[in-house]
Amino acid sequence: MRRILPRILLGTICVLIALWLVAPTLVVVPMSFAEQKSLVFPPSGFSLQWYENFFTNKQWYGSLIVSLKVALIVALLATVLGTLAAIGIERAKGRSAGILRAILITPIIIPGVVMAIGIYAVYLDTRLVGTLTGYVLAHTMLALPFVVIAVGASLSVFDARLETAAASLGASRLSAFFTVTLPLILPGILSGMLFAFVTSFDEVIVSLFITSPQATTLPVRIFASITRDSDPTVAAVGSLTFLATTIIIGAGLLVGTRRGRSK
Amino acid sequence: MSNSNTKPDGAARLGWAGVRRHPLLLVLPALVLLILIMAVPLITIIARSFIDPVPGLGNYSWFFSHKLNLIVLWRTFVISFWVTISCVLVAYPYAFAMSVAGPRLRLILVLCVLVPFWVSGVVRTLAWVIILQDTGVINQFVIWLGFDKLSLIRTQLGVTIGMTQVLLPFMVMPLFAVMRGIDLRLIEAAKSLGSHPVKAFFQVYLPLSLPGVFAGATIVFILALGFYITPLLLGGPSSTMLSTLVQQQVMSLLNWGRGGAMGVILLVATFGFLALASPFMRRKYDISGGSK
Amino acid sequence: MKIDFLTRSALAVALISGGAALAQDGPVAGDVAEGSLEGETLTFVSYGGIYQDGQTASLQPFVEKSGVELYSDGPTSLAKLQAQVEAGNVMWDVVDTGDFLPYVHCGTLFQKLDFSKIDTSNIPEGQVGECSVPAMNYGVLLVYNADKYGDNPPTGWADFFDTEKFPGTRAMPGYAEPNGYIVEVALLNAGVTKEDMFPTDVDLALDQYRAIRDNLILWQTGAESQQIIEAGEADMVIAWSGRALAAVKNGANYEPVWNDWVVVMDQLTIPVGVKNPDAAHALINAAIGKQAQETLTEQTSYSPIHMGAEPQVDELTAKWLTNSPERIAQGYLQNVPYWVENYEALSEKWAEFIAGY
């Protein structure tokens, strides 16, 4: 009895939270099939015109491609740089580590629009406006703090003595890192990578400044759409992302757990 | 153990040895990128806050002499604080369930966190408008049940609900990463030694999970301070946050000096807040270290 | 021989455009010389979404005929434009802006237009500025829930403030950029006549809104205002005519009050320091042509600013267009020069109001 009650309680709480997490997306999906140019719920009628619009309008699907490219590179770059930095800070401890940590999280504390005009001015001089490099550099800077914090949290629970022990047993420092430390902090690195990807994929304020006709990101396109119009294409985009990520993450996790179980 | 540092390490190459002696070298690549991209804009903006439109402290005295600015700054911290607290309260049991669930259930729980996370924040906020508004999904249900409609949209409550949902993954994931590393046998051990389960949780499990809580809370709090679109669309005048005022100064009034000053003030206030909070975090953290 | 010469001569544009144009001594709106911009590129900036798609479509004949390579950028951002001008690296050639901005920043961010290159003869009077020509017209007007006020509907701006006679929720624009008309219609309600309105008492005006604050929603974006009407969130809404029309088309039973509707417009401007001002002028001249304006209206339901335009729209849309003689007679023109002069002061008070102060 004492064991079952907490479980039921926990289960109920989790179901409610899960529902609350998914609910807004569940509202977006039916709206994407609206017959009229309207963002009202519940929508009336059924049509695929907004999906058609997305896939036939280069400005829409092109922006998705740009966003995906940028976010993938940012995720890799920020994860590598951020993980190294987090390890360095964790090992160094002390005052200078604290200051470095503060510097590394500064980009996300400065209000986006203030940062954005500064970056834009620099980009105008260096011809980085609307280039892939421009997006990648700016987004990486904004994504770094998340990796540093997430990996830092994993490192702080991880017992550094394990690595030392492995080294004292004859493993090289490098291989001790890869065989002992890395697997233990991997969940932290993965969540940092995920944050980095999403930060880039969903970034609006700085991107609004550094966008160009040659390369616009998806959030910029969505933002521009809602300031003046009610275009259900934004709902279609939301639903497509919803579907794609469910499949990709679901499949990835499924494969992961399968493999985990077959071990 | 400490003498292991001075032990010669045969396999180490020079670079690795250098890094070992000066671990901060590992921070260098990230730092170089930050300085390349951030330093010039940041210095320009700070400089402009002191010289634009005229040299002096005019932008700062403007900020502090207008009551509205101070009210909104205070409100920004209060809302962010509550959003952080609700994120912790919601994410903690959820992440715990994720860490103890079987593979299939965990898959579902992880999906529920991650999938909405990828859908544009702007789109999700629009959806929250539709759910929370007076004629929205929740109120239609409430009225159908025979109750009076609830005021959710354009209230601080509505903003908190929406922001918490948008920011929750930033809390769940670090928490989950830390919780996975906690050995549940520690609790079992405590219980077998006669400790009450609740007491065992508070004395053993909670302290071990705190680094995850603090990591998530730091991210959520800082992100909440700078939130723009969600409070704009879900909130009303009573929930205007600082980012909206900054946006106004910079984007429509072209007052870059004032915008920069507000950025500097927010930066100082945030670091001040984190510095105030950190001894508290550090102390808790030491307890967890000690209980290992 | 003629073609080469035409690349920059606006006069010659008129010569080859034939027929009626021959009588005229200058450019003809909507026309451009064949191949005259071959090898040139232009970046046109607007607010995005369906509106900008419509503008791009309306410029298609211009692109094909002139041979220019046209890029669309946006959304319009004054701060971005200022950064470009300050850096001496202006990437935007023609910019669509809100109504006050070209007046406020005329000569500093936007260049004075050369009207020997733009044919403004078909634009209604009073709409052309030193640094701008209108891109289209629309209205800001009061729309009300016909189910709720069916028998005894509101008839003017004053009813917006009368929550006793017309109980119910209100909604109005609450985005950062201030609008003079918001002050003017409130002052009319406070008993100030149109004649003694200026200089205005902005506080008195905003107090009119503060008095009904408990029943007032501030909308931030066009999408939101339309959604508020469609969902019936507010019974009386100060809305853009285009969004209100879209909501009515989608089944919302709302009616407009045309009495003193406020004439508003987007402007076409050329930033200071563009690389090819002649080409930019040619684009503006093309955008205000009859056919371009018809296309724009058909795709976006904004009203054309070419007085001869005859867009093919459905009956409902036609009812909501603002360019009929009847509508023009009912329209209310805000005092643009005054607000340009007092933009800063208005902005400060407006910022406080929308932040709930």
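Labels A, B and C are assigned to the chains in the order they are written; within every chain, residues are numbered from 1.
Just so it is clear, a contact is a pair of C-beta atoms (placed from the backbone, for glycine too) under 8 Å apart; a residue touches a chain by one contact, two chains touch by 3 or more.
The structure presented is a predicted model; accordingly, all values stated were derived computationally and were not measured.
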| item | value |
| --- | --- |
| Pairwise touch network: line, ring, star, complete, or other | complete |
| Relative to chain B, chain with the most remote C-alpha centre | C |
| Of A-C and B-C, whichever chain pair has more C-beta contact pairs | A-C |
| Computed distance of Cα centres, chain B from chain A, in Å | 14 |
| Between chain A and chain C, centroid-to-centroid distance (C-alpha), Å | 37 |
| Chain centre separation in whole Å, for chain C relative to chain B (CA means) | 40 |
| Residues within chain B bordering two or more other chains | 126, 130, 136, 247, 250-251, 256 |
| Junction residues of chain A - those touching two or more other chains | 39-41, 113, 117, 121, 223, 226 |
| Set of chain C residues in contact with two or more other chains | 77, 79, 221, 223-224, 227, 231 |
| List of chain B residues in touch with chain A within their complex | 1, 4, 7, 9-12, 16, 19-20, 23-31, 33-34, 36-38, 40-42, 44-45, 90, 93-94, 96-97, 103-104, 106-124, 126-128, 130-131, 136-137, 165, 168-170, 173-174, 176-178, 180-182, 197, 208, 211-212, 214-216, 218-219, 222-223, 225-226, 228-229, 242-243, 246-247, 250-251, 256, 259-260, 262-263, 266-267, 270-271, 274, 285, 288, 292 |
| Residue ranges of chain A in contact with chain C within the complex | 36-41, 44, 57, 59, 113, 117, 120-121, 124-125, 129, 208-209, 211-214, 221, 223-231 |
| Complex contact set, residues of chain C against chain B | 77-79, 82, 169, 174, 176-178, 213, 217-218, 220-221, 223-224, 227, 231-233, 344, 347, 351-357 |
| Of all residues in chain C, those that touch chain A in their complex | 43, 47-53, 71-75, 77, 79-80, 83-84, 86-87, 89, 91, 221-224, 226-227, 230-231, 243, 246-247, 249-251 |
| In the complex, chain B residues that touch chain C | 67-68, 71-72, 126, 129-130, 133-136, 154, 232-233, 236-238, 240, 244-245, 247-248, 250-254, 256 |
